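You will see two complexes here that share subunit A, one where it goes with subunit B and one where it goes with subunit C.
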Partner chain A sequence: MVNPNLNKDDSISLWQLFAILENSILGTGLLNIAKTVSKVSGQDAWISTLLAGFIIIPFLWCYSSLSRRFPGHTLVDYSTRIIGKLLGNMVNISYILFEILIAALVLRIMADFISTWFLPNTPIESLLIITLFLVIYMSQGGIRTVARTSEVILFLVVPFIILLIPPATRIEINNLKPVLQSGYVNIIKGSIPALYSFYGFEVLFIASAFISDTKKIFRTSAMCISINVVFYTLVVIAIIGVMGTEILKYINYPTIYYIKSERFPFFERVDLFFAFFWTFNIFMTIGIAFYSAALSMSQLLNLKPKYGRNIGWMLAIAVYFIAKIPKNSIEVARYMLYISYMGIVVAMLIPLILAVTAAIRHIGIKDDDKA
Partner chain B sequence: MKRYVIGLAVMLALSLTLTGCWDAKQLQDMYMSYGIGIDTAEGQSNMVTVTLTAPTLTEGAKEQLQILSSQGHSIDEAINDMQAKSHQIISVAHDRVLVIGEQAAKNGISEYLDTFVRNPSIRNDMYVTVAKGKAEELLNIQLKQDPFIALYLTQLLEKNRRLSKVPLVTVVDLFGKMVDKDSDPVLPYVEVTEGRDGLIARGIAVFADDKYKGNLLNDGAVVFMMMSNKAKSVNLTYKSFKSTENDDVYSTVNIHGISNDIKCRLNGDKLSIDMKIKGDADLIEHKVTRPLSESDIGREEQALERELINDMNDVMRKLQKEYRSDPLGLCRCVKIEYPDYYDSIDWKSIYPDVDVNISAEININRIGTSS
Partner chain C sequence: MPIKVIKRKKNKSDKANTQTSSAMIAPSATSLYNKLEDNISLFATLFSDCSDVIFRRFQIGKDNPLPAAIIYVDGLANRQSVDLEIMEPLMYFTRIDQKNAMSNIDIEIIKQLNITVGEIKEDQNVMNIVNAILSGDTAMFIDNFPVALILNSRGWENRGVQEPTTENVIRGPKEGFTETVRFNTALIRRRIKDPKLKMKGFKLGKRTKTDVVIAYMDDIVNETLLQEIEKRLNTIDTDAVFESGYIEQFIEDSPFSPFPQMQTTERPDKVAGNLLEGRVAILVDGTPVALIAPATFAQLYQSPEDYYERAIFGTAVRLIRLMGLFLATSLPSFYVAVLTYHHEMIPTQLVLALARSRMGVPFPAILEALLMEGVIEILREATTRLPGTIGQTIGIIGTLVIGQAAVAAKLVSPAMIIIVSITAIGAYITPNYSTTYSIRFIRFPLMIAAAFFGVFGIAAMWLFIIIHLAGLESFGIPYLAPVAPFKLSDIKDTIVRFPLWAMKKRPMIPENRNLIRQGSSAVASSRRRTRW
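And now, the complex of A and B:
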């Protein structure tokens, strides 16, 4: 791990930031969003999804404000400067913990997913270990490697989103009615599991330190989130429209079932095709969360680059054992909900508090673009 | 020279790691079933008889098909039991069609469906159909034109779906309807010919909840498909306006662009449902006595509409009064339009007595190349 203080070799472009964000957000969320959200808000799940997305966008401004005040610095650099050593370190640790938990949980979901659909005879441990080796390798390469991989995988995976379109021709509008029937409370409650699908944007704490054009961070990240909001909402509408809400209570990975419900010419088992390529995306989610945790950890402990590079091995052990805690997919769903709640604090409240405090105490470079 | 030898040895050794077929299964070792049949076991209502049919892959075998049948408390138990009767590995991963025997369907099919949705190795886009009599008997017949009965049956269903004579229902669709309390499932209904050498796709098997109640055959099935908005194109033969009391004259039309508009109305406490079916028709066959005039077309349309309305009333009467089944999802219509009213009633008890007003508007647009 190298010192993230901005130098020419270690900067990334806005487009790369977009790719990192997109890869960090897209992942296991898509596979289960219709199930987890409609469990709470029924046929109005799409409204919950929309709501969850738009709640996030104002918080992106906090990230961008922080990165403008502290260009070239990550969370660990500025949190102690803004709110003091004790509170700052608590923030840092909770952020690292959050990223480790995300990496572990997503890793576990991916391993479950792969072992259910493709490799039923492979022990889950070997899937975990192989993936972790790759993740460590990627995170050792630093931000440039992460950004490059993100770009490549984005180009690789996005075409497969087209596969989501043909089954949508069979949407029955009655499945989505009556609108707003599940009550406002349930719709708002439903946006909490929906938030899980959007987590990943907290990588801005790290990634925005490598951007030289800090003014455009908000624009890029807001665009990225908006695209995802629209995408997820459409997916939820399509899945509920085609399959109805009742069956979603019973099946796991409804998105795969949804793709499966259409017979394509020439292709057989398109679901597996999609699932296979989607695992790349899931891998990137793990990789980026892991990289964020490893980088923050080495900064927090003030490690020399020589040791910083190897902190990943330590974290990997933690991630491995956390990933093995849930017994089955029902427990995994419970942990996903916990993560959603934790994310509200880590990914939304912490940047808000930091940005507001920094503004009040005039810490960092003064905001000069008041336009 | 020595370097080349070492290099060659290393390459040869490495090539050993590339052999991917160490756990390959020979085709001859597999019992690859293409169709699966389910019956209630004779005399034991809690036992299920499972029948599998697979092509014999051994050269020189006397029979081209190998049919296995076994009993168990669950489907998987029965399949496991079958292994004792076969020297090959039994695989149900390639099943294309699930045939449910009449008695099993009457007892309720929800208990059988679970494994088809839960087990990821089973194709859950396989078709489901109800057989007259026993599924075991249907899978055991000898077809003269095609030895592979399961594939033949799949094709039969697909081809008849084109003319909307049967619905095409996959396991997941069926499971969805089964868990959805608002609408009842329908399945295709297949019967063995009297000579036991052919299959006939006869029409539709109607279910109430998960229990098979009765059939809609021939025109009834076609009209039902039109009413449920599942028909793309149908051929209907009806009594032409030229019929007299002692001489019936028939005409045939192809109807396309079919839509059925279902609306419910609440007058005070009285619920009534309006159905209006619309479509464009091509005249295909028409007994010529004189050239068709403009007014003839109008009268032909009237005759067609009259017959269509009669048929639809007939179908509705059967669904409401005889089978007490709601496969058209009228329940959901009421739920969407009048949620408060819906909460105050017991749909199951009022459904048979709901007034359904049916109207039809068919335009004969094309009359072919003669008039």
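And now, the complex of A and C:
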């Protein structure tokens, strides 16, 4: 069965899947992870991060199982066939809503971030609108454009991750001691805000439909998540090791301050360069979430590709107004926590339920063909 | 990756075919008459008021003369060839037997005539004959014989093979293409002595009937690509093709993109190299500029000299070009952004130095930058069109005098002059001239974005460019390949340039067949093993 909404020429390689996942995950999470997690689990934040990451990996198997059952199909195509029309559409809508919320929230964080660090006098609305135009432009190009842009941005970002290394020489191990002091309950609780940094992997619902080699989806995505888990854990260790948990309570975006703490010769403010290049990455997080929402929406409404391209304009208006809801950064942080909870349902429970139901009911493309 | 089928013009192509065929039909007759006089009057009406078309009647043979005539275009046909190779042997050294003379003349006898011309064809179609005459051939008619002989006598005044003006190299061949497509094909053939090198001829342009040749390696090129190019060429329905740019604009994928989607070159060695990578070259008569398709962004930053010099320097030069690209496009916008919004981004000493140099300058940074970049563009355009000697003078006046005076008058800061000079020079670091346009004109939106939103504006503009480039395709080949989509094996001839012996495979991006380029050279591999 050919999916009418996906162009059959559109296919992406595993490396492109990796790039999309990486760009989708890496974003605002990095800037704030040390603060949000250490608020709950203190100096054991790194254990929470590690825990959160490894909780996710089994769920990736659900995604890959679904895409093996329905190669070339996205969530919207198979959800109704697995758990019925009503439940399936509820799943679809909640997924679209989740992606819109992610896009809106990240957009807001990005705009706040830019206005704090670069443009204090510029109205935040103009930043939102410009970014949304770019996001629409990218999502109209379809998966090929999204995938290739991800690849380019991925190359751009690698050198700036290296900037995180030099300050790490000043880690004081005492800042991380005593280990496990905050207690098991708090460590597990702390993994919920840590999850926020890993969201983005739910793009697998969409992206895996374009992969022809469905067997390797799990390997690629698990590798990607593992790299991020290790990376985030190291970042949390380094930030807490250098700054201690007390300071983290009072500053926003500790990662930037962490880089700022190191003096480089000639370039005195490396943090600004880091922030500049990091906006590319945050943009990709928004763009991929937005693209997922737009594609799912056009599939849900069964639009022709011609109209499906323009659904972005409608979504962009929604994203814009949602992004303007939080009044200040404290509220943004609260919404981030809500997103984390919602993500547990959308990004983890839904694929689990779908995969298990599909396995029990033996539903898949191949079964259909036989019948 | 499947090749994107071009959609625009498709529905027009049927109409185009009928139009062209109707234009081809002659007003009077489509085939020749028996009588010589009828034929001559037929062509005399077709070529009425064409003073450059020469009609020459003469007798074949001395003893039993056979009336004949030749028609050719003065200036297009080589007069010596007409005189010595066609007329002289026919008039002086041909003997026609009495019995053959008038009655049963046939094609065999005609072929045995003494004509010392290399290429002879027969044709009965009037329009074909007209085309041949206008291309420089000589048409010969014989009484009682409804067939014309097309004798190849093409030879006209032309510029010889010279050093190309745009893509200069220090080391490497100095030959460049000329305006005659036949010479250009010969220059390529001289480099690739392989029957697999094919040169397919077309005629494009309803009135100019320009000769277009597509060259490719039969066993390397991707067939779908070749078919797509031929298909797109056939959809062209236009009066005139004067330059390869006409063809480029008709068949490119995204006409409104600022980036060229085909390579242009005047260098036969570049064409030959690209053919061996599985690409297709389009040569057009009347211009020394050939097109190569498909093109990728990385290719526009490669020069044949990268391969002639040793590998490390090939790599180094490519990195310098990338840097030049970045500086030429973004330096003025960073200047504007930093001076307008982010003084803290650069070291204190540098800020102070910049501030001091801008002391007394009445304009904000963006105005200063737009002004100077605008002036530089004006100068550049003016010097390109001026005659050579004056051009240099104007260049000196423009750059030295205006620059110096503007700084002395405190209209612009010296720092701005430095930046403008770097960008002006940096735009030409690309070996491909068409690309300099994109670099030059990307600068202005970047500057304006920087003026409004500082570095965020630059980031947004660059994202826009990256997204645009990522979506761009040239004949189905992603423009940003091999970076996106990433192909590790092709990277070794993109940003870096590996030693020649290390590049055993052809690049995969043009999706060619016959991937293996060479075995590993024995000398090179043994040298690698030897440890002294």
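By definition in this document, the second predicted complex is superposed on the first by the 356 of 371 C-alpha atoms of A that agree within 3 Å, B and C clash if a C-alpha of one lies under 4 Å from a C-alpha of the other, contacts with A are read in each partner's own complex, and residues count from 1 in each chain.
Please note the rule applied: contacts are C-beta pairs under 8 Å (C-beta built on N, C-alpha and C of every residue); 3 or more make two chains touch, one makes a residue touch a chain.
Remember, it's a predicted structure, so these values are computed and weren't measured experimentally.
Q: On the A-aligned overlay, A:249 touches which partner chain: subunit B = first, subunit C = second, or both, or neither?
A: In the superposed model, A:249 contacts subunit B only, not subunit C.
Q: Does subunit C touch more residues of subunit A than subunit B does, or is it the other way round?
A: Touching more of subunit A: C.
Q: Is there a shared patch on subunit A that both subunit B and subunit C touch, and which residues make it up?
A: On subunit A, the overlap between the subunit B and subunit C contacts is residues 269.
Q: List the residues on subunit B that touch subunit A in their complex, please.
A: It is residues 117, 120-121, 123-125, 170, 172-173, 175-176, 179-182, 329, 332-333, 335-336, 339 of subunit B that touch subunit A.
Q: Give the list of subunit C residues in touch with subunit A in this complex.
A: Per the touch definition, subunit C meets subunit A at residues 1-2, 4, 341-342, 344-345, 347-348, 453-456, 459-460, 462-464, 466-467, 469-471, 478, 480, 483-486.
Q: Any idea which subunit A residues touch subunit C in the complex?
A: Residues 9, 12-13, 15-16, 19, 114, 118-119, 122, 126-127, 130-131, 134, 137-138, 141, 144-145, 147-153, 155, 266-269, 272-273, 276, 279-280, 283.
Q: Touching subunit B in the complex: which residues of subunit A?
A: 116-117, 120, 174, 177-178, 181, 243-244, 246-247, 249-251, 257, 260-261, 263, 269
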